[in-house]
Amino acid sequence: MSRNKHRLVGHNSKKAGLPPGSLVHVGEIKTSEPLATLIEYGHDGYRETCFTSLEQGRGFQPQHPNLWLNIHGLHNIPLLEEVGRRFGLHPLVLEDILNTGQRPKVDVYDGYSYIVARLIHFDNDRRCLSSEQISIVLGRNFVLTFQEKPTGTFTELRERLKVGGTQVASSGPDYLVYSLLDKVIDRYFKVVEDIGEEIELLEDEVSVKAQTSVLTRIHSLRQEMLGLKRALWPMREVLNTLQRDEPDLFSKETQLYLRDVYDHTIHLIESLETLRDLIAGLLDIFMSAQGHRLNLEMRFLTVITTIFMPLTLISSIYGMNFEFMPELHWRWGYFGVLALMAFLAAAMGIFFWRKKWLR
Amino acid sequence: MSRNKHRLVGHNSKKAGLPPGSLVHVGEIKTSEPLATLIEYGHDGYRETCFTSLEQGRGFQPQHPNLWLNIHGLHNIPLLEEVGRRFGLHPLVLEDILNTGQRPKVDVYDGYSYIVARLIHFDNDRRCLSSEQISIVLGRNFVLTFQEKPTGTFTELRERLKVGGTQVASSGPDYLVYSLLDKVIDRYFKVVEDIGEEIELLEDEVSVKAQTSVLTRIHSLRQEMLGLKRALWPMREVLNTLQRDEPDLFSKETQLYLRDVYDHTIHLIESLETLRDLIAGLLDIFMSAQGHRLNLEMRFLTVITTIFMPLTLISSIYGMNFEFMPELHWRWGYFGVLALMAFLAAAMGIFFWRKKWLR
Amino acid sequence: MSRNKHRLVGHNSKKAGLPPGSLVHVGEIKTSEPLATLIEYGHDGYRETCFTSLEQGRGFQPQHPNLWLNIHGLHNIPLLEEVGRRFGLHPLVLEDILNTGQRPKVDVYDGYSYIVARLIHFDNDRRCLSSEQISIVLGRNFVLTFQEKPTGTFTELRERLKVGGTQVASSGPDYLVYSLLDKVIDRYFKVVEDIGEEIELLEDEVSVKAQTSVLTRIHSLRQEMLGLKRALWPMREVLNTLQRDEPDLFSKETQLYLRDVYDHTIHLIESLETLRDLIAGLLDIFMSAQGHRLNLEMRFLTVITTIFMPLTLISSIYGMNFEFMPELHWRWGYFGVLALMAFLAAAMGIFFWRKKWLR
Amino acid sequence: MSRNKHRLVGHNSKKAGLPPGSLVHVGEIKTSEPLATLIEYGHDGYRETCFTSLEQGRGFQPQHPNLWLNIHGLHNIPLLEEVGRRFGLHPLVLEDILNTGQRPKVDVYDGYSYIVARLIHFDNDRRCLSSEQISIVLGRNFVLTFQEKPTGTFTELRERLKVGGTQVASSGPDYLVYSLLDKVIDRYFKVVEDIGEEIELLEDEVSVKAQTSVLTRIHSLRQEMLGLKRALWPMREVLNTLQRDEPDLFSKETQLYLRDVYDHTIHLIESLETLRDLIAGLLDIFMSAQGHRLNLEMRFLTVITTIFMPLTLISSIYGMNFEFMPELHWRWGYFGVLALMAFLAAAMGIFFWRKKWLR
Amino acid sequence: MSRNKHRLVGHNSKKAGLPPGSLVHVGEIKTSEPLATLIEYGHDGYRETCFTSLEQGRGFQPQHPNLWLNIHGLHNIPLLEEVGRRFGLHPLVLEDILNTGQRPKVDVYDGYSYIVARLIHFDNDRRCLSSEQISIVLGRNFVLTFQEKPTGTFTELRERLKVGGTQVASSGPDYLVYSLLDKVIDRYFKVVEDIGEEIELLEDEVSVKAQTSVLTRIHSLRQEMLGLKRALWPMREVLNTLQRDEPDLFSKETQLYLRDVYDHTIHLIESLETLRDLIAGLLDIFMSAQGHRLNLEMRFLTVITTIFMPLTLISSIYGMNFEFMPELHWRWGYFGVLALMAFLAAAMGIFFWRKKWLR
């Protein structure tokens, strides 16, 4: 949970005090080798080049019209600065790429747009929702993507580019960006589905056992929903902006596809709202089940008291020391009283059994 | 409930990983024979043709100005592709037709509009709300409708077309689309009415028996409301868009009728809001009734304790072994004490009866 | 309550399945004689004619510039059709007039506007809020009003028309429509005031007796509020539309008056919001009072137990059968113990009395 | 409270049934002498004239450019009609002046604007919030103000006018209206501050004593907040309208000042929202404190039962009449048992004391 | 807390009654020496001058293009008046500078803009959130800042100016204003992070100990959130206005940076919303934990009663004085009964232990 929280607010604690534009990687430092993959594609073919050092890229000459440069790991500040210089990125863009606690947004600059998306990841065992920032820069003929660590989300997309003849291979970089965003949104469906199933499980449990542990699970579900909401709402704005206000970077055809992803996002947000209402309902059931348990215990106590008090009174009466108590001298007095008590107890037992007061 | 949930979020779990535009039917596979019904109508007459195979339709020539092609069952992908090719549908439209978890929407393409609506179905016995996607494509002189299974909702409309002379028969395809949407919305009224009646029943029950089962019913009512809301809210947008922003596909006259359906949708949404508030009220009554029951049981316990404790004390006093206890030697001591106890018990009984503490 | 509910959602259950435009009266059938009253008025005089049959109106020739045709009872479908033909009403208007569960709205047609308002009626004894649809058609020189039954709300207005010289008599039909709407809104003030008084009564009661009956009254108050809200919110839209968007049917002078009614509606809506918040407060007090009562009963039980348990212990101790218990042989042992018990009981009684634990 | 309620909804109960435009004073009838004060001011001087009868004003000739006519008490209908005639006020304006339950608003008429504001008054002892309507009419060179009774709020303003050389004296009537509104808003700050202090007091009390009386105070606080909100929200609209949409009646310079008052109103509204949230928090604490008290009493009962039940059992055991009970014949048996009991009681007492179960 | 409250509403209690434009310092009087620091900077160098008296500044001649005048302490009214005269500030600006309870806003005047921001300060020990007003005036070539007391927030910024060559030193005053606002917003991140950690701590505590002290902490957290929200929401408006509507005072480049700060503010506001929801969840857990504790105590009481009542009954039975009670004469009767009791107690003890009713 602590990690979740850190992400929630620790936007630039490391950076506070530095002048704007200083490049410091604020995310958690990863030890994996930073890797830049350059993919060139177009009608005329496909080429993939991997860079492990900055020098490799110096004299590079592209052969195909469209470029996709994917960078995993953000510690290699000089690499990023070089990329920024080559593609003419504004210092603020580089800063936002490194500062991986950004909320999804789209910033329009001269000649390119900068898109921040969040890739959701849900660890079902630890019940821990984490999200990773993906920075996308879309230019006339290039796409840059920046991730903290490889997640394999886009492997399949690269395959499709390589095959050729697919729509993504024969379209421009705008369609590639659409495909990336589509992949990102697809991941959310899985997570929302998981949460939906968890809620269903809880629905069965909550009325049976009203323990605080159930409540804790409800609370953590709520936290996950809040995390999702924080990632999805701005994503909706991003897609709305891209679809409506960016007519020069996206072709008319690609805008139709963006509208489709936008619809998916709306769908997800509505699902979240529904789940949220269901969770609220769970809470009501929980509280009622807790109250019900109190009632049951109260009832049990009442039954015990009601059965034993009269019996004790009777035996107490015949323990009095009056001189003239005729029953005491009867031959079957003692057993008669015992029988009376047994009868009383049985009668009350049956009465409460019928009333369903004995669980 | 699981089915309900699946529909809630399982929008394209099957599709995740496929490139956009791949045609896969995501709904539940139906075994019924796919069936395409082609209705031609106009001032000059009516003709209905049923297709059971793709080949049948190859050389088909229409005779009447307006076409309505209705397709039940969505597994016959080649059929759909053929239809898409004939009527020039965008791949995204075909994808959305097959992907039957769409939320209601209207997408405008060149020359035609694509409308998604949801046909509601409420199974009163299993208390299960399900909804089915209906895809409508409205072109200049044709209407295409796609459904997962036949529901008979539009049978009566077909009859009216066949009869001729009715407004729908003598109007264009835009009026036909209005009639379809009108039918779809009509179904909601029935469901909302059913829910309203269920709430009324619960209102009578809830204060009498405050059992968790009642709460479960309230919770499932709330789930149904959420399902309805999810279907109705976007439907409102759809109708608003059609009525205001589509002046070229809908005639001025038909727009008046669309405004009417739009009003019905608003009416339904307001009814939902009201029902929602009533359910919230039910919950309050339930919680209070549960608390009331706790109070009653507490009170009963108090009465028992209050009546028996003094009696036991008295009998316990006369069970003491003091040498000098004059009452013990009185002739009528024992019976006097019994009488005293009976009197005390009766007095307290009457007292609590008057106080209405004995139910 | 059932009637209320029916109205809530039963918008066109009777009509489902009929083609749009079919004229069926959906409200509850009234047995009173349908009655059409035609009032002509203007600077040059006033004439009132009552029609009991359709034939009477065939050859009718108006004498004064402004017409007001008022129709009570909606079963006489031929009459309505005749009126529709004479004044050129669209079939949808006639349908909406008969379908008396409409929400307030204003529909603009060529040459006339169709206004739906709801006349509120609050039966204080049965605590039942009902509302009746009033349809108003405003044309260049005529006003048509349609009601299910005579309510006498407009009698006084007719008097003022008859007298002549009043503003309504010397103004056009737009001012007449304003006067009608003003009357309709005036009725709401009365109802809101009644609800306000009921809330005040409940405020005094709720902390005294925390019975479920009070909660039921709160719940029914809430239902009434919901009914009012459902009628008032769209009324606000209607008045806003009339005041702003209808410059050709309403004179500039009349628009000032409409602004005034609009202000009243806003005032009413804000009062409703306030009442709603007060009711929410009542609920909190109720829940707290219920919890308070539980506390009181708990406390009473505690007092009983605390007083009697030590006494019983003492008497039980002197009931032990040890051989050497010196107190048992004391001359005043018994009375001493009795005195001790009395003292203990009194001391605890005073203690709890001071602590205000004995109510 | 009743007065508060009356004001809440009793907008025109007296008026219902009268034709629009009838002048009836709807507020509570005051017995104080109606008084019209006419202030003329400008660069060239200041003159104040008091009118006690209508005749005095007939032949009046103004000497200075700006007029401010202030009228206290609204029973003198002929006076108001005369004023209306002189300054060309619309009948609706006069009606609204008399009908003192108006919500704040601004109505623009040809040549003048009519502003309704509400002067708040908080009686700290009776904890009763009342508000009085102030009607302001701003024309080219005159300001008219109408109040039900003299409140002294504007005395200081009049002094400043009299002195001359102050900004208000050397500016036009628009600045005077600004000054009036500024005074009106200033009064709200005081009231909001009072409520804030009351909440602080309650915060200290609420966790100590969870009595229903505290809840009643919370409820009445909420009522006061609702009253303030009802007065402030429309006031914000009024100031926004004046500042933005009225460029011809207010000079550019005065509009800067109006923006300032507007900011104050926003400030007040946000304070109200904050107070509202604090009150909601108080309620939670109250409910929790009530539950805590229940827990405490439960615990006390448990302690009593736990201590006495074993003691009673022991004494009851030695009250059994078995022949062979060796302890009974021991010399120190009795005192040993007493000691055992004392030890048990002490041990349990210490145990519960350590557990902090004995308060 | 009292200080917090004062700030909440005590906007101009001191000022009430004074004419608008009167300069009175409304904040808490500070005893520290008022200090004006004048910084001149530009491409050509940097100069810093400190003024301790008004006279010092009379004959001052600036040497560099950009001026930044920072004033700590606001009691020196003549100084402020002098500054106002020199830079042509409107009286309302001076008034707002002194009146330190303003909400963040931006007011546009001819030739300069007046910005109010609030510097947040969170005292972690006393758990007390305070905020200080910072007034910023941005002109063509000057920036004026006004603070109540030195906080050191801008020291580092001054260093950067002094160094030269940094972006802030080589840009105009608009960039300086951006840097100031960036610093102000940075402070909020720290506070939001602190609150997030406090919530995490409470999450662990709340289910363990359900004491009212925890609730008080939740309540004070809520108060802090409200304070933050009150400061942040208007800040968002301010940044939105600056970024969008002020094209002449801010260069295109600086507007990109302002957009960045704006994004941070949105981020903060969303974090606040999330924290708010988490706090609501805490409250639910608290209430449930309290209910759980009640259940546990109830259960304990029930166990005690259930174990001791049968034992007491048994011993009471053998205390009866019947003549013919065979068991009484058995050799091992007494020990048998004791054994029976021990067995019963043990059996019930084990039963309840297995049921986990004994904690």
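Letters A, B, C, D and E mark the chains as written, and numbering starts fresh at 1 in each.
What we mean here is this: contacts are C-beta pairs under 8 Å (C-beta built on N, C-alpha and C of every residue); 3 or more make two chains touch, one makes a residue touch a chain.
Just so it is clear, the structure is predicted and the values come from calculations on it, not from any experiment.
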Touching subunit C and also subunit E, the following chains: D
Length of the shortest touching-chain route, subunit A through to subunit C: 2
Inter-centroid spacing, subunit D versus subunit A (mean Cα positions, whole Å): 44
Centroid distance [mean C-alpha coordinates] between subunit E and subunit A, Å: 27
Sites on subunit A at which at least two other chains make contact: 287, 291, 294, 298, 301, 305, 309, 312, 316, 319-321, 325
Ordered ring members, subunit A first, subunit B second: A, B, C, D, E
Touching residues on subunit B, where the partner in the complex is subunit C: 156, 160, 166-168, 178-179, 182, 186, 189-190, 192-193, 196-197, 199-200, 203, 207, 256-257, 259-260, 263-264, 266-267, 270-271, 274-275, 277-278, 281, 284-285, 287-289, 291-292, 294-295, 298-299, 301-302, 305-306, 309-310, 312-313, 316-317, 319-325
Of all residues in subunit B, those that touch subunit A in their complex: 1-2, 5, 8-13, 16-17, 19-21, 90, 92, 96, 101-103, 105, 107, 109, 211-212, 215-216, 219, 222-223, 226-227, 230, 233, 283, 286-287, 290-291, 293-294, 297-298, 300-301, 304-305, 308, 311-312, 315-316, 318-321, 325, 327-334, 337-338, 341
